[in-house]
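We just call them A, B, C, D, E and F in the order they show up, numbering each chain from 1.
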Amino acid sequence: MTLRLIVEPIVRAALLEDLGRAGDITTEAVVPAEATVEAVIVARQPGVLAGLDAALLAFELLDPGLQIDRRRADGERISRGETVARIGGRAHAVLGAERTALNLLSRMSGVATATRALADAIAGYKAKIVCTRKTTPGLRVLEKEAVRLGGGANHRFGLDDAILIKDNHIALAGGVCAALERARRHAGHLVKIELEVDTLDQLAEALEAGVDAVLLDNMTPETLRHAVAMVDGRAVTEASGRITLETAPAVAATGVDLISCGWITHSAPILDLGLDIVE
Amino acid sequence: MTLRLIVEPIVRAALLEDLGRAGDITTEAVVPAEATVEAVIVARQPGVLAGLDAALLAFELLDPGLQIDRRRADGERISRGETVARIGGRAHAVLGAERTALNLLSRMSGVATATRALADAIAGYKAKIVCTRKTTPGLRVLEKEAVRLGGGANHRFGLDDAILIKDNHIALAGGVCAALERARRHAGHLVKIELEVDTLDQLAEALEAGVDAVLLDNMTPETLRHAVAMVDGRAVTEASGRITLETAPAVAATGVDLISCGWITHSAPILDLGLDIVE
Amino acid sequence: MTLRLIVEPIVRAALLEDLGRAGDITTEAVVPAEATVEAVIVARQPGVLAGLDAALLAFELLDPGLQIDRRRADGERISRGETVARIGGRAHAVLGAERTALNLLSRMSGVATATRALADAIAGYKAKIVCTRKTTPGLRVLEKEAVRLGGGANHRFGLDDAILIKDNHIALAGGVCAALERARRHAGHLVKIELEVDTLDQLAEALEAGVDAVLLDNMTPETLRHAVAMVDGRAVTEASGRITLETAPAVAATGVDLISCGWITHSAPILDLGLDIVE
Amino acid sequence: MTLRLIVEPIVRAALLEDLGRAGDITTEAVVPAEATVEAVIVARQPGVLAGLDAALLAFELLDPGLQIDRRRADGERISRGETVARIGGRAHAVLGAERTALNLLSRMSGVATATRALADAIAGYKAKIVCTRKTTPGLRVLEKEAVRLGGGANHRFGLDDAILIKDNHIALAGGVCAALERARRHAGHLVKIELEVDTLDQLAEALEAGVDAVLLDNMTPETLRHAVAMVDGRAVTEASGRITLETAPAVAATGVDLISCGWITHSAPILDLGLDIVE
Amino acid sequence: MTLRLIVEPIVRAALLEDLGRAGDITTEAVVPAEATVEAVIVARQPGVLAGLDAALLAFELLDPGLQIDRRRADGERISRGETVARIGGRAHAVLGAERTALNLLSRMSGVATATRALADAIAGYKAKIVCTRKTTPGLRVLEKEAVRLGGGANHRFGLDDAILIKDNHIALAGGVCAALERARRHAGHLVKIELEVDTLDQLAEALEAGVDAVLLDNMTPETLRHAVAMVDGRAVTEASGRITLETAPAVAATGVDLISCGWITHSAPILDLGLDIVE
Amino acid sequence: MTLRLIVEPIVRAALLEDLGRAGDITTEAVVPAEATVEAVIVARQPGVLAGLDAALLAFELLDPGLQIDRRRADGERISRGETVARIGGRAHAVLGAERTALNLLSRMSGVATATRALADAIAGYKAKIVCTRKTTPGLRVLEKEAVRLGGGANHRFGLDDAILIKDNHIALAGGVCAALERARRHAGHLVKIELEVDTLDQLAEALEAGVDAVLLDNMTPETLRHAVAMVDGRAVTEASGRITLETAPAVAATGVDLISCGWITHSAPILDLGLDIVE
């Protein structure tokens, strides 16, 4: 569970983005200030739940007096029609936070659901699904958590916590060996080094120079199989390049350790959840 | 074009989210500090461009000395392989801002492209596509602009700039008439009032009470046609409820003024754009 | 009541502006840390109360342990000598927040009192008092609320929530018709359009083109009367231009819907309120 | 001149308060993006200019490409109709910053003008006008500067930069002597101590105990004269208590060093300045 | 005790600096989420305690549910092995805040301990130890408090709360008299004026012109004794210039009022304190 | 060189901490506004330079018009009396930024100088000096860079970028094996795992379980030698525990890879640098 200290500023900003300067003028005008409601957050689609903490925090930030009752937990599979939480209290607060909460919840659940589908597609193989840095600006910490909740693992969080040498770096450094040599000289002892390779020749060069992980980019299953054999346990192997639900099993079958997918964060459709007033 | 004063904090936060505390340690380690590059941002899919200002601002914020040359403008259709901008200068800055810039650009272009597809699907009808408040937390101002760039129009920006009375409000206010009467009493003279109706009976009630716009939710084309006839120009008519590329033409054919779609902001896949080093 | 989420940053910044880096060094030095007091906030002038939430929040932010007892509510008329709230607890907190709280309370009550006087002056006429964007930088949300509490209504909150076409816009657009045509084409369906007119000719042009409201600027009561007759209910009519307590009744008598006044926010004297230690 | 580092966040926040999320939608809709204007800021009343830096910064922050030409300087007397600055460039930027700039400029000029009037009223006497902490929340640094520009002097900036012992402190400390003794023990060697006295007996006690300045609160001119004689140069003398333009000369004639007035910051009407398009 | 309103942002930023985006991944991975601990903060060296409020706030901000029990108070002498506080609750929160809390506590206690040693070295003389503006960027308010807790007094807090004329100012103003004359003309009535003098001639000039305090820079004890005699109570005397524990008594013996030392804030070693799990 | 995007907020906050609300009132009062100076930053002690970018940024932020000329570069050894930079322009800006710039520069140079001394002490051995998380709250990014400039290497930046299992974690996880097993299961593929061991038995257990690095805490040189032999290249070896300039060579001689020291960041005295006006 991501720390409230880290998540709260994101939720607060999201609320203010929706409330603007004047707040929820519809509810102010139309609903008596003293009205109370009981509401439930309900799944309108089956999927995997994620973002519930952030979503419920939106209600709490708007009114700490609301009664919030969690019915399901992040990471759980939910079915259509299921209630995931119940919120009771001042109608003004419930309605004012509704959209912000649902926007957070449905996006994160969408990421978790997409990840889960992909992870299920390769069940039985040793490969794990990992995310990328192709996340929504401002929401990376939540999306990385949603990936974990959906059964995936996290790649690095940003540019500063691991070395990943890509084609442009190799070109500018003057080759695989030069790049790896420079990287090893500068890397702290707790920083791992991964290198992107496009060909088996590059892979051979990388293995010779020594590397913690190799990103095997846009290779066919056949080439991947060769690559895995060449690596032979000397480095973590990661396959990438537009891998879909359909193509993932064949990739996993090659024996790679990791399959990285940008689309589980950048293009997953939301999971539809709604808020219903129950009394 | 959205104001830099408003967009800059979003881009700055996105950069810091990726750079973390230590910055781009790969490039620091591997690429000589004095290296320079020429890079192009290239479309890997056809679509509609949006977010170019924000994306290029990421480069500029990291290094004001970069030379930035725009080749295409927001709102234009771009084809696969086309260059949309060229950036030259310090390799450290170009590589450090790359992912942040592309994340912004590809998301906004994805929204614009989805909107454009929907708008094209109903070309010839008077109806316009409008977005909703189902936007990405923290990015609403950019996504609303992307919708406009894709040929759509904006609904209200937040809870504070128009009155939209939904089913929950009606229930809590004690009916359509009571809700509208309260709304009109509190609304400023520059605030419009829209009401969501689920049935033609509610619509009749709303029209009698007087309203600027009606949100016709989850109605079949037949019912919509009746509704438009009943309204007869006395209010703006907006159809909503899981309208897709496939169902949109039939909805537009009913004569409604607006078709609102959440998915163009919450579930549009990104438009794939990449950065290539050219020398 | 404005949302705490929106108001708290304003109050927090105001406290820090007064406390500086070292805090209230007088009270630290002179008053024993364990001393407690009971204090009352008392009106030293009759008027209309506004800003009580913000003022009491200053005390609460400095010490959540203070006991705060509201005696009067925002929007109520208060007489000289009346107690509006009672605060008990640590003397250091009460004295440290005193000036910030009173600065907020007396300014907002001053705005509400001025608005009330103006609204009373035109009682019996249908016209309502509305405020402008001539508010104190940083305090608009509180001043808009104070206007409502004083019996006035709010004009738009900022540049982004309605279209108000002024003389400069008309000149740059190439005339009333061109401006209105452009405005209507770009305005969202929940955005109203108001136009400032200086002459009856302009008014005729505006009515012909269609407009939601007209700002009748600096017209004599006679001209206003003609204008109201010309409009004949087709648009909301707003009179503006240095309207005072003395001139307001004559303006209201012309039949306009709204009278807008900048001075109720930008030049209203404060309402004098003080804090007294009672034991 | 107050430092840009300090003032810029105030101006930036004021702009964002007016521009909201969507910016100036009127100008966006109505005025062609490429239109340019020449505009002048003109005094509509005579007075003393203050806040010009902050006001012009609003234009610069919105568009660094604007050409800004200062015609008058802060602190100068300006007459009705005089141009104080000229701004040329993109019409969108000039119109978007107009209201924010004028709100800052007219408020600060109002404070300077009120201060100037009061200072002029006591010209010939040695007394100086000083301000109080009764300033607008968030704008103290600008208002303190406006007071200086109007010929006044500044009292302490906040609770942390000098000791001012008021009646409540005296009561809680157990008398004038105890309060002064505690204050002297805790005060740093660069912190001055002022004490509020309501009677000549308290004054005698304060002088005996030693004090840097005395605040003579709500005394008649006769009592003030006695007080000044008693002090006999041993402390700075400050008269306070609802002193107006009319009563100030009699107060100044008593020989006090300082006359403090809250109303020059909390209740001064703005100085009316406007922006005119000149071509 | 410094106000929480002022200290909380410092502690919050320090926590976020350590937790980064992903939080404490070690504890997340290794320690069960439901584990609870009892921990004590223990001195590993004798010294003077300071910063306990800030340190304990780090735990509270991470988890308001932790039970925090203070055993010793800021300003007290503590011996090796002593427990200064006990914290019980969720292991994740205790371990996540540990380093941030200790970094704050050990630094502030280091400053207090250094100050105490220096104050003790001159016990019996009237001189007091004062700090300078040579503090850690971002932590001045805490370090100034630590100096007071260690038995020292505070010099000015920043550039804005007193006038201290140094050699560069004198040179640019055209001499001691010109500088003092300008300073007195501009200083508010609650602002004191101190002047740095390097020679007895400058001191004579300063005394003639009148000054609240003199900073006697880099003088030998003999010269200081002469200077104190010349001043003869007409100004506060402050000795400065690389004064150490060893040289301080001789300086104090000259009769100066204050001895200012930069190193107690900029170069004091930390006081070693640690956190032990007790069950 | 750390990114300006990351460093600027630190420098800006440090300037505002010193300037307060009213700015540099001494220079404002005493030095003519139009005065210009040429100043040099000069080393008053020999050492290693660090923090020059941050220090010069303080001048630039206060006045972008200053002319700044770097004479030496970060990481270089400087001798007493050497000029490291020259700054020319408005005296108000030079004097207003002086203390903030020097506070940053002297602290970072102090860290670099201490690190350099320690690195030199173990020259000839393969061991490298590494820092810890015992850094100054708010300044970690600058202090980590200063360590690198002084010839040291960086340990992890915070709790989120590597796994370091300490004694408390081991106890709460139920032993070395359980802790390592949990860590490996949760760690991303680019996250390294280090484990603190206090005994050779623990070390054996850790090596058996597999680990990237071992922190050998508080061991004698003899024990360290045994440990290094046991590890035999299977993990990075790090010695820690109050290692000083005197004891470091004996530790390095044991063959460990890394020697970590908290005191180079938490207790290094500053390097004395000053600003002199040269004309």
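Basically, a residue touches a chain if its C-beta (ideal position, glycine included) is under 8 Å from a C-beta of that chain, and two chains touch if they have at least 3 such contacts.
Not measured: the values here are computed from a predicted model.
Visitor: Spelling it out: a chain qualifies if it touches chain C and also touches chain F; which chains qualify?
Guide: A, B, D, E
Visitor: Could you find the chain whose CA centre sits the greatest distance from that of chain F?
Guide: The most distant chain relative to chain F turns out to be C.
Visitor: Tell me, please, which of A-B, A-C or C-F gives a repeat of the A-E interface, judged by over half of the contact pairs matching in residue number.
Guide: Interface equivalent to A-E, from the options A-B, A-C or C-F: A-C.
Visitor: What is the distance in Å between the mean C-alpha positions of chain B and chain F?
Guide: 45
Visitor: Chain B to chain C: how many Å between their CA centres?
Guide: Centre separation, chain B to chain C: 33 Å.
Visitor: Let me have the rounded angstrom distance from the C-alpha centre of chain E over to the C-alpha centre of chain F, please.
Guide: Here chain E and chain F have centroids separated by 22 Å.
Visitor: At least two partner chains per residue is the criterion; list those residues in chain A.
Guide: As it turns out, chain A has residues touching two or more other chains at 17, 19-23, 96, 140, 154, 157-158, 160-162, 164, 191.
Visitor: Chain touch graph shape: choose line, ring, star, complete or other and state it.
Guide: complete
Visitor: In their shared complex, at which residues does chain C touch chain F?
Guide: 17, 20-21
Visitor: Under the touch definition given earlier, write down the residues of chain D that touch chain F in their complex.
Guide: That would be residues 1-3, 5-6, 140-141, 144, 154, 157-158, 161 of chain D.
Visitor: Under the stated contact criterion, what part of chain D meets chain C in this complex?
Guide: For this pair, the touching residues of chain D are 10-11, 13-14, 17-32, 35, 37, 91, 95-96, 99-100, 102-104, 106-107, 110, 133-140, 157-166, 168-169, 171-173, 179, 182-183, 185-187, 191, 263, 266-267, 269-270, 277.
Visitor: Name, in rising order, each residue of chain D that touches chain B in their complex.
Guide: 12, 15-16, 19-23, 33, 61-62, 96
Visitor: Which residues of chain B touch chain C once you look at their complex with the stated criterion?
Guide: 130, 153-157, 160-162, 164, 188-192, 194, 212-213, 236, 238, 257-258
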